[in-house]
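Just so it is clear, A, B, C and D label the chains in written order, and each chain counts residues from 1 on its own.
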């Protein structure tokens, strides 16, 4: 059994780095839900668009042009952030703003429509084929030989983990201390009252979508580089998994998104480690249904009392 | 025009144009393409520049031109007179006659048969989403359960379509109660996500459970429905069986089989539409709508919300089961690939486009969305794009849908 | 209602068995105790009012009785059964109906449909009956319509019968909500600030309507109201609450002169 | 009850006669090309159409068949089962007697039933699922090996040449992938090599690191993957990241230009012999290059051959009657770019041969030792 612990450690690393991917996307869901109580169904597609803009930038610059890989990654990130945040803003402006007062079903269906629209928008532009992303981040951060079993973590995975942790801390601090952060918290408590107290609710909501899109863009580029393959449909599955993470952690709470992401990543990894791998998705969907039934407010979320 | 408003409009126009540029130049203008030499970027900035100009001019002109609020005059939709079911009659006559007009080509009959299947699915989902207000994103799961129930009964027990049809509806209804009971107390968007999760679980189970469902290969050679006891295929599957055509003494033509399938689908739709229109007028139908309007008020009037939701959910899923059984017979083979989330999204968009809680609207929308691609073949590529866009536009401009139901008028006894 | 007549009604009300009796009701949300030690009972055909400043916990008591909140302590006995903690539709089925502070009608359904839904539990709701359009089904639907017509006349809403509930005036909506409660043949009608937002004539009409309901339909009324003139005028007995605690109970006369009540409302010198 | 039946029957007959068939198309022999123009595996459709179009153009240049030009009618089922009956019904109602396609096994099955019923000759150059030839369709043919022919070839190589200590078999749970993976497992087990793992992954998933770690723990040194290239690319990369150090092998669905980079170096692939290298096909390879199409694409040559066989069969049978053409195809051997093609009674290519190639990081391939 001497290889059990190293293998367990390797699976732990796999789980955490997968969890980081989910957390990065989950924060977009959590912030939007926390503030206007709506599941932004199109958020998975915003992540996908981030990946595509990153790839377009890389292809435009051309990997053979002799720039150092890290510069290319930074350039891809910068442009992806700029463009995808605009998409995030545009989604809110066109599809959700005018539906704010309407019954809960209406904005959700509009979000589903937006998600289908973006998927096919990219299919028409870049075809539905799998496009390979140049491998810019290669090599391994570390690899330890533990009793004949090599535990290692690739640089691209390590980068995602580090970036996610840094972003999470930054966003949590921002929400707690910055002026706009306070406004976000006020809106999430009671958006009508916040409006009455002079907070420009539209600006806060737009900001939330932009921030969510920004994080999704970073996720899109980094994950694209790590998996080295993107297609117009990666947003759908990643979106559902990220939403599961957000709900697991407690929808509406930013640290919850991170905890939920890490937990879901670990659960999926160990599920495919000990069960046949094909049941991995079943486990995560099962987990989602169980959480929503037992504790819809999730681990760190605040339970919502139904006001009569 | 004070100086400030003019510059403000100009500023707005520039911002809008800039935003459009950021949105379109990197994505629309630069298209990735796989070529033998690898990934290549096709730069063509025509459309993005057009888009930017259009937006810029629109923002300039917009403030001056007051676009009349496009809304159909209330009187027209909310017609006060209580007309008998003219729309159901018109739909029946049209659906019976058109195959014999020059339009009735093989491809059109097949497309119409698929449209009938989608109408059946949408009518079922309309009970769940339209009347009871429960957003179900996993309707394709019950569509699949119905299809696989018939396929398996046909494969293992040799049951024909007509014997298996009620069982398919029953099994879909049963599964919906099994799922429904725990999840129906969830609030709107949580319920949506749980049903979506359930839909994916059903699809993955069908794909992985090789011993029962033959996994990805699916089940093939499913027998077609029989008409008046005769088989409608060219050669009977049973040695001495006589086909309908031999009985009628006419030689086989493929379009005959398609027509029979089309009429069976149409029959299912008419029965479903009639049943549902009765259900909606009954107390249970009123309870659905009341639940959609205000669950708390319902509870305060002694209506048990769980029971009402369960009836709506199980009936809706039962119709999806019937549609699934017919789809299996129509296609002759069933694989998990036909029941992905996109099917649930299509059925939902039909209900939404038609007008939630409006049978005639749903039928109109189903016909429109399944037949449009037939007319414009090139359009097929943009079909899903337009689907998504239409769902958004409908919610923004006309949440009540294309042809909303009008409230029934009741004569009060003096 | 002169003072002594009120006294007489209140006295005999106490003797006849109370249809509702609430004992030491307590409702706690996490650390906050919203309601504590509330005890009162409502006799048959009595109009019992609960008054108190905003945030006194009046609506919380209502929600506990009607089953929307599960009280953390105390019991609520109705018709001899402890209904504390039962589901709200179960309690409603036993004959306790309520209105809401902000009117909760089925806005997109017509006035008549609102009244038909309210009779759901009494109608033939079997699927087969309806589908086969059996005679029993038709008879029950016709009866339902007749009862609806009766109640529409009673609250004078017949001319808007086919209009959507959402399009009615505020006063009309209030009356429809009361009619919708009464059509279920309740034993106890709970009114949550029925006079809120009504003009003086409408309040007088409401006063007559409540008395008429009590007298003709033998229903007891449990009332939350801020309009003191209406409360003092119509109630047999009154419970005054402040910060979730009962501070006085008795006939309108007794309560009006009670020093605690005066302090609570007008503030001590 | 008897009376009612005849009345309904009479009405039905009258209705049928009204429709009647449309006039027979003169001048050209219509051939439907049921391809995958849209959908996730569109690039297999591109190869399919490239092969077919070139073959038909060259045949028409030499006078077509029976003095008539071959007219291609392109149709798209996007590899979706739901869309294939619509395509099949269009073929039937347009009175087309010959079909080159469908591309994917999954979407071919519903259509095959309809073609079989209407005696329409169907020649697929990419659907390899075994059960297609088990339904006794007399007009079904394919110019590509089926899974059970491709599986053993790979298994043979694994057992005799690769001789792995610990073999793992993974597939993508799709008709094609699971089919060929199962064939490989059955054959290696028959030859006494028990795989330590036989598992499926989910199509569209992007993280297989847990599976790679499981293989590393099991000490796997050889992995056979059944499925298309998108998932294989990720598996190879993540195995490379975790330094699994195992040799990988895949079916012809994995041999696509996207598979490149050092994680793809040394990948073994079973492929029909690379006919673009055959000297006899030099002229045809030039023609492809002239149209900027890659002749080495896995389904290009098989599609070219499918068109060749069909046209030669029409010429050989001297008639457009599909039954005669099908008969001719069953009885004769055909000279094609794939070499000699002969069909079994079930319509499979009897002598389909698969060679083993080594894939390189620049997406080139060389014959395995």
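Points to keep in mind about this one:
By our rule, a contact is a pair of C-beta atoms (placed from the backbone, for glycine too) under 8 Å apart; a residue touches a chain by one contact, two chains touch by 3 or more.
The structure displayed is predicted, hence computed values, not measured ones.
Touching subunit B and subunit D together: A. More C-beta pairs touch across the A-B interface than across any other pair of chains. The distance from the centre of subunit B to the centre of subunit C, with each centre set as the mean of the Cα atoms, comes to 44 Å.
Per-chain Cα centroids separate subunit A from subunit D by 38 Å.
Chain centres here are Cα means. That of subunit A falls 30 Å from that of subunit B. Centre-to-centre, using mean CA coordinates, subunit A is 49 Å away from subunit C.
Counting only residues that touch two or more partner chains, subunit B has 34, 204, 208, 296, 381. Touching two or more other chains at once are residues 68, 100 of subunit C. Among the residues of subunit D, those in touch with two or more other chains are 38, 43, 173, 200, 202, 258, 260. On the subunit A side of its complex with subunit B, the touching residues are 38-39, 49, 52-53, 55-57, 59-60, 79, 82-83, 86-87, 89-90, 94-95, 98-99, 102, 104-110, 112-127, 129, 131-132, 236, 240, 243, 247, 278-279, 281-282, 285-286, 288-289, 292-293, 296, 308. Of all residues in subunit B, those touching subunit C in their complex are 275, 278-279, 281-284, 286-287, 289-290, 293-294, 296-305, 311, 407-410, 412-414.
Of all the residues in subunit B, the ones that touch subunit A in their complex are 19, 22-23, 26-28, 30-34, 39-41, 129, 133, 135, 137, 182-183, 186-190, 192-194, 196-198, 200-201, 204-205, 208, 296, 341-342, 345, 348-349, 352, 356, 381-382, 384-385, 387-392, 394-396, 399. Considering their complex, residues 38-40, 42-43, 173, 199-202, 204-211, 213-214, 216-217, 229-230, 233-234, 237, 241-243, 258, 260-261 of subunit D touch subunit A. Listed in rising order, the residues of subunit C touching subunit B in the complex are 66-68, 87-90, 92-93, 97-98, 100, 104-110, 112-113, 116-118, 120-121, 123-125, 127, 130-131, 133, 137, 142, 145-146, 148-149, 152, 158, 161-162, 164, 180-181, 184.
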